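Two complexes are shown next, each including chain A; its partner changes from chain B in the first to chain C in the second.
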Partner chain A sequence: MSPPALENYLIVGAILFALGLVGFITRRNMIILFLCAEMMVLAVAVNLTAFARYHGNLGGQVLTLFILTVAACEAAIALVLVLMLYRKKHTLDVSVWQELREPDQEPIEDEEPLPPEPPPPTWPHLPPSGPEPEHELEETSHV
Partner chain B sequence: MVFAQQTDVSRSAALLAFWREYWVVLLPTALGFLVVYALLPRVRQSKQAWLTLAGALALIAAGMLLVHSTGIWQETLLFYSFSAIAIVGGVLLVTQSNPVYAALSFALVVLATCGLFLLNGAPFLSAATIIVYAGAIVVTFLFVIMLSQQSGVDNADLRSREPLLATIAGFVLLASLLGVLHRTFDQRELDVLAQQLDWLAQVRTVDEINKRYGEPEIGKMRLPFTEKLRKYFPETSDEDKNFATRLDHKRGRPAELREEAKKAHAALDELRVAYGTVAPHTDKPPKLKAENVAWLGQALFTTYLVPVELAAVLLLVATIGAIAIAGRREGTLR
Partner chain C sequence: MSDPAPILWLIPALPLAAAIACGLAAFAYADFKRYSHWPCVVGIAAAFLFALVALVIVFRRDGAAAVLTYFPWFQAGNVDVGLSLRADGLTAVMLVMITFISTLIAIFSIGYMHGDPGYPRFFAEFSLFVFFMTGLVLANNFIVLYACWEGVGLCSYLLIGFWFARPSAAAAARKAFLVTRLGDIGLFLGILVLWAYHPERSLEFHQIFRPAVIQHYASEGVLLPACLLIFVGCVGKSAQFPLHVWLPDAMEGPTPVSALIHAATMVTAGVYLVARCMPLFGQEELALLVVASIGCFTALLAASIAVTQTDLKRVLAYSTVSQLGYMFLALGCGVRSERLAVFAVTAAIFHLFTHAFFKALLFLAAGSVMHAMGDVIDMRRFGGLRKVLPTTHWTFLCGAGALSGFPLLSGFWSKDDILAANYAASHGTGGGAYMLLFVVAMTTAGITAFYTARAYFMTFHGPQRLPPEAHGHAHESPPVMTWPLMILAGGALLVGIVLGPTGLFERFLERYWMKGGFPASISPEHAGGHFSFVVMLLSTVLALAGIGLAYWMYVKAPGMAPLLAYRIKGLYQASRSKFYFDEIYGATVVGPANAAAHVLRVFDQYILDGLVDLIGSLPSAVGYVLRPAQNGLVQFYALLMVLGLSGFVVAVLLR
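The block that comes next holds the complex of A and B.
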């Protein structure tokens, strides 16, 4: 009988927020952590615009605009921090920063070994440009 | 202590009632939990078809929670498409082990969210979000390519930290949020009951009642909707509060029935307020102004002038901070 109401937008916002939270807690790549935090911010923005429409009042949209500003600042600072942390340890894994934990906590160690690296791809050999090199008999076929 | 004997029975009955009330919320949450938990990156992982199936089921179940309109409006259709895209993109963002794909699915989430902004009458915000986040995503891509591709197979991408506990934490939060929303906003039954009571409050003759609800069977004088009313007003020792029974008894006497219906309606209105609506219940919801950009600009530079200045300062500080942190070299202190 009616187009989607306030509660429907709030439900979508809640789902996106919870997904972002799960990702933020459990992922270990710092760039993905940053993206998950941004997704949580977006979920809140959806809620705010829905309220703005529900109340017929632009306050929610203005607040979303400020959230956007803060998100831009956050992106700048977060990416710089990621860069600095990467320079120190040469990995994006947050778990290498476990030394910052409380003194009485046990460190978490990964038991299962990583799968072996895939072999490097074999690229076709291209002949250098210029005059054609002299062929030897064994080298007649290039794959 | 008096209730000691009946605790078992009443507890299971309470659990059953709880399930009946909230299964709409609990089912999609549980399915979503399974999907996200099974998809989170691990060193040894088998992704199977049942995961896709469970994910589709969870989406449909969540859609059932969202559906409360009959008939399809364009807006309804667009809303469902955008929210489905956003949720699927969110799940992919959380579960992708390759950060490049994760950034791509984040782009999907942003675009779908901008669609939701448009549906909410915020075209300026929609455009601004796309512009800001497009920049953010491009920079993120740059970072991914610069930092992540050098290291090859990495702990950061192939492992999750405490996936079970984290997923439980997130989905318990989600279930409680959805439960509160369900409880707060699901008033469809109350609306139907209020309509019936409205009609009864104006009924004149017994014939009208019989015409609407059918001839009463012998020895069974119940009105068809009182069973539902009994759910909201359970039988108590206070005779005046047993609206359902009183309405049933007065079926043959329209004048008294009208009085009872008015009383029950008043009680229902009280209950509705107690259930907690967010806005006063008015017939005409307020409308957002057209010319979104113009009015938004006016609001920004009149009512919200000081916050705008503060935001400007914040941006400046963030820029200086980013440059200061990034420009520092090892061993130098500036």
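The block that comes next holds the complex of A and C.
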């Protein structure tokens, strides 16, 4: 049985890339954006391995190893950045960072804003456990 | 004792050091600024002492000029310019005169400039001027001379515009600089001609003034152009006829400056240079005739303008122009015989020497009048000041007497020498032109006496009138101002009679300058003998007649002057408005130049600037088009990238 043709791998890579691209352009959650970008990178990696096999050398695979290493570093840095941005605005919506546009440009109204985040759950406030310490009532009411 | 000649460099160096010290004092505390005249006075006085040493050097050398090349200044191709100084009789006379007068005027300025906000600046520029002027007369080559020539022009500019906040002073300074600059172009071209045709490409005086070299110039046919070009420079610097318009306006500067630069020293640089180049001029009779005619015409022109001026300083300024004309007339009279040349040049330098004394005196006295009158200098607004300003009155009288050629005062002797030289030149072949010049010079002598006496009588005689600016407490100037006046008055009275009829000056110049400096040998016996009793008598009569006429018109019959002015209205108006020279130059030179400047300004502002602005606006226009892309949406950026990439891919595929 002959190995699958090169086109099959390339088609898989193209599909992956297109999915990542469409996801990157249409989504607005920063983490999803990041994942989409990763997907595009990996589509390229698939292509590289396919070409490596097609040409019968290891150049493409070595490059893929590099891509994976870089992607790991990227992931660490990108997630930290996303975290920092989240701390500023308390949302992952990338469109709230529109204010980084050119100063004299009009903002673009968001026609379908994300639903507001649910308020953080309010946990009941519990007193410290254990018996009440001994104290002299007279001395505390000297006001 | 070893030869003291190497100390010559100290003469310009001391005033330069003083200039630097005064300049630094300008940055000192206000309390300290009051003492900033000290470096100037001490430096120039020391320079005077060294000038006397230079005189001794000249005596000891007995006619051989001391030439010292300190170091090569610059070398480029054929040009080899050394910083070389020279001491001979002419230099020594000029040095002593310059430093002596400068010292006195510096002392006078202590009183005159007292309390001026630019006090240190004044003394710095004053010392700098003395540096350049002494350098000018000490120079032994044309490049050093030219550098100092421009240096004195610069100082003249700075000092005329000393009160630069006054528009008239700024305009006068600019005018003086530009007009003299016209002449300087001629001088520079003359120097280039001398250099280009010199067999050894030398610019040193002793290399150029050799008989063989002069013969070479003459055979190449460049002697006359070179002389005339150099004379153009002298015309500019010494304010002679076509370029005389700057000197009267230069009176906008402080009066001590007028006395030093625009009467006694700088304006005589032209006379000095022609005298220095006499070996060249002497070989070219046409050049001499041009010099004499320009000088004589200027003398008459300026004198006839001075007659009607009412500004005391302007009268003196025009008289300076007129007297400089006399000096050029004398220089131009050295035709045909070596003896006459010696006599004529001596007469010119002698007049230069005496003129420095009495003209500096007159200006300082006018300054003293201004000081007392609250800066009013219009003679119609004051009068009868002889009781108010007794010292100024007597010293002014000495100066005026000397200027008008009153017998036995210094101007009498020197002017008489000039007239005698002119008279002698009018004999023999081709003397007709000189006879005409002689008649004009004689007439001018009479006019000179008249306007000098007029200024004196209008200022110091008649009913006492004081302008309101004097604030009712017009008083004699402080001793620091009157002492220089008295010393100069002594000079104006005695210099002539001590040096003139005794022949001291003449013999000195002849022995210590011309014997070594002139190409042809001069007969060892006394070169004079052009003394003419008739000329002396005639000039005396004319001088006394001029003084008498002024006395009659301005003291005895004060109504006469306006009546006469009314009778010869056209002539009076022409003289009053300086024969419209400023207007003519304004219409023919200044106006078109201004119009051209205006056109060029419009061209620059709208076309050149527009072009540059257009190029500058391109990036911002591109930015304006592309700016909406930066809308802050990450997805939009990604979309643009994708579109760009697809465009790129399509382009690659369709290629």
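Note that in this section the second predicted complex is superposed on the first by the 104 of 143 C-alpha atoms of A that agree within 3 Å, B and C clash if a C-alpha of one lies under 4 Å from a C-alpha of the other, contacts with A are read in each partner's own complex, and residues count from 1 in each chain.
One rule holds in what follows: a residue touches a chain if its C-beta (ideal position, glycine included) is under 8 Å from a C-beta of that chain, and two chains touch if they have at least 3 such contacts.
Note that the structure is predicted; figures quoted are calculated from it, not measured.
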Contacts of A:89 with chain B and chain C, given as first, second, both or neither: neither
Which superposed partner A:61 touches (first chain B, second chain C, both, neither): first
Touched partner set for A:26, first chain B, second chain C, both or neither: both
Chain A residues touched - chain C or chain B, whichever exceeds: B
First, second, both or neither for A:101, with chain B first and chain C second: second
On chain A, positions contacted by chain B and by chain C: 21, 25-26, 28, 94-95, 108
Chain C residues within the chain A interface of the complex: 627-628, 630-635, 638-639, 642
Footprint of chain B on chain A - complex, ascending: 1-12, 14-23, 25-32, 34-36, 38-39, 42, 45-46, 49-50, 52-59, 61-62, 64-66, 68-77, 79-84, 86, 90-95, 108, 110, 112-115, 117-118
Complex contacts: residues of chain B adjacent to chain A: 32, 36, 40-41, 43-44, 62, 65-66, 68-71, 73, 75-76, 79, 83, 86-87, 90-91, 93-94, 99, 102-103, 106, 109-110, 113, 116-117, 119-122, 124-125, 128-129, 132-133, 136, 139-140, 143-144, 147-148, 151-163, 166-167, 169-171, 173-174, 177-178, 181, 184-185, 278-279, 285-289, 292, 295-296, 299-300, 303-304, 307, 311, 314-315, 317-319, 321-322, 325-326, 328
Contact footprint of chain C on chain A as seen in their complex: 21, 24-26, 28, 33, 94-95, 97-102, 104-105, 107-108
